[in-house]
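Just passing along the structure, written as structure tokens.
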Amino acid sequence: MNSDQVKLVPGNSLITKTPEEGRQLAIKLARLVIKAIQPDAATRERPRPVYADDPAMLVAIGHTVAVKFATIAAANRYWNA
Amino acid sequence: MNSDQVKLVPGNSLITKTPEEGRQLAIKLARLVIKAIQPDAATRERPRPVYADDPAMLVAIGHTVAVKFATIAAANRYWNA
Amino acid sequence: MNSDQVKLVPGNSLITKTPEEGRQLAIKLARLVIKAIQPDAATRERPRPVYADDPAMLVAIGHTVAVKFATIAAANRYWNA
Amino acid sequence: MNSDQVKLVPGNSLITKTPEEGRQLAIKLARLVIKAIQPDAATRERPRPVYADDPAMLVAIGHTVAVKFATIAAANRYWNA
Amino acid sequence: MNSDQVKLVPGNSLITKTPEEGRQLAIKLARLVIKAIQPDAATRERPRPVYADDPAMLVAIGHTVAVKFATIAAANRYWNA
Amino acid sequence: MNSDQVKLVPGNSLITKTPEEGRQLAIKLARLVIKAIQPDAATRERPRPVYADDPAMLVAIGHTVAVKFATIAAANRYWNA
């Protein structure tokens, strides 16, 4: 697999130096999976104002980031072991 | 069980070489379970424009992929052990 | 407990030979719990067209299967240990 | 704590003999927590037809049972250790 | 941190004697976090009839209690180790 | 990474002294990820009355805090090991 094909996990690794970078990675994973499901940029971007204004949507996105971050934190043994 | 009967888990394994492939597998598992619940392709494909345009749906699919990926990541010991 | 009373977990075990069978079990558990909550078949089947046509419902069912599969995968030590 | 006060966990234990009983316990925990939040039986039962007819509700209940079952299965080391 | 400042976790501990008390704690944590997000009692209590009558809401609260209980059960090693 | 860039995890650590502080951190993480997704303060604050009045929203926020707290509790080995 060459780097051109890596589209879902930046750097193809769950390991990060710190919790902060782990959370940044969780947000990126959330965005990249949306991109994979809906590869057409115009269609994908169209509902963007909806995300921004809809509090339910912001909470839902925050929730899915929480689940991804749980996986990343486990992969990094919570950065404290 | 012969390979014709394997319809829910490609390759019948949760093990992947990399996180990137792990996330690809998570997306495939999400699609294959929908296919198993609704085997009629015409019916299944009909709501496809809904997925593409509805931001809530995209977030929900991303969320279910996150849960599947958590299982795959644990199966692969987070690709770092 | 005799086999007649086993209605929620086929074979009364979470152990399966392969990931494919693990996912089949996860789908069965999802169906059997619905059956236990709503034992009247006519009532239970009535909303079936709703499931089939509603993409949000298909995604929600896929999500609950994902959580059940996580438990089954852990029970089977991810089929790789 | 005497047995009269035990209202949320039957037998005050998560340990069951089999997966089947584990799932029965998960369904009971789901019902008992609703009872604790809404102790008035008349009010609690009123929406019951809604549960029975609404497929989204059946799926949501199935999902919360799945999360409770995950905890019970872990408590019982998946009945296979 | 003195006890006046402890507002989110009663007793500032996840350890309980029994599963029953663990579930009571899970319900309390669910209530206290709502209180922290919406500290105005009048506003917070206003929607209370909605909770009581809306089956979807009861199921949703039961679900969030399930997730909190999973954490508490793990903290207590499922009360059986 | 200097402290100016740390915007998602206060103190860039999941370790807290007590469960109470762990839950405070969980609430902060929930807020900071919303801030990262919607960096415009005016837009972000606009739906605030919606959160405060909508019981479904309060429950949803409580749920996402529960998932974040699960990760933090595991990182701290449940404050009892």
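Here the chain labels run A, B, C, D, E and F in written order, and each chain numbers its own residues starting at 1.
To be clear about the criterion, contacts are C-beta pairs under 8 Å (C-beta built on N, C-alpha and C of every residue); 3 or more make two chains touch, one makes a residue touch a chain.
Model, not experiment: these values are computed from the prediction.
Asker: Chains shared as neighbours by chain D and chain E?
Answerer: Touching chain D and chain E alike: no chains returned.
Asker: When chain A meets its copy chain F, do both sides use mostly the same residue numbers (more than half shared) or mostly different ones?
Answerer: Different, since most residue numbers here occur in only one copy.
Asker: Taking each chain's centre as the mean of its CA atoms, which one is farthest from the centre of chain C?
Answerer: Farthest from chain C by mean C-alpha position: F.
Asker: I'd like the Å distance between the centres of chain C and chain D, where a centre is the mean of that chain's Cα atoms.
Answerer: 16
Asker: Using mean C-alpha positions as chain centres, tell me how far chain B is from chain F in Å, no decimals.
Answerer: 28
Asker: Quick check on chain C: which residues sit in contact with 2+ other chains?
Answerer: Where chain C meets two or more other chains at a single residue, that happens at 51, 56, 60-61, 63, 67, 70, 74.
Asker: Please categorise the chain-chain contact pattern as a line, ring, star, complete graph or other.
Answerer: ring
Asker: What is the order of the chains around the ring when you begin with chain E and head toward chain F?
Answerer: Following the ring from chain E in the direction of chain F gives E, F, A, B, C, D.
Asker: For a test of understanding, state which residues of chain A touch chain F in their complex under the given definition.
Answerer: Within the complex, chain A touches chain F at residues 17-24, 27, 51-56, 58-63, 65-67, 69-70, 73-74, 78-80.
Asker: Which positions of chain C touch chain D when the two form their complex?
Answerer: 1, 5-9, 12-15, 29-30, 33-34, 36-38, 40, 43-44, 46-48, 50-51, 56-57, 60-61, 63-64, 67-68, 70-71, 74-75
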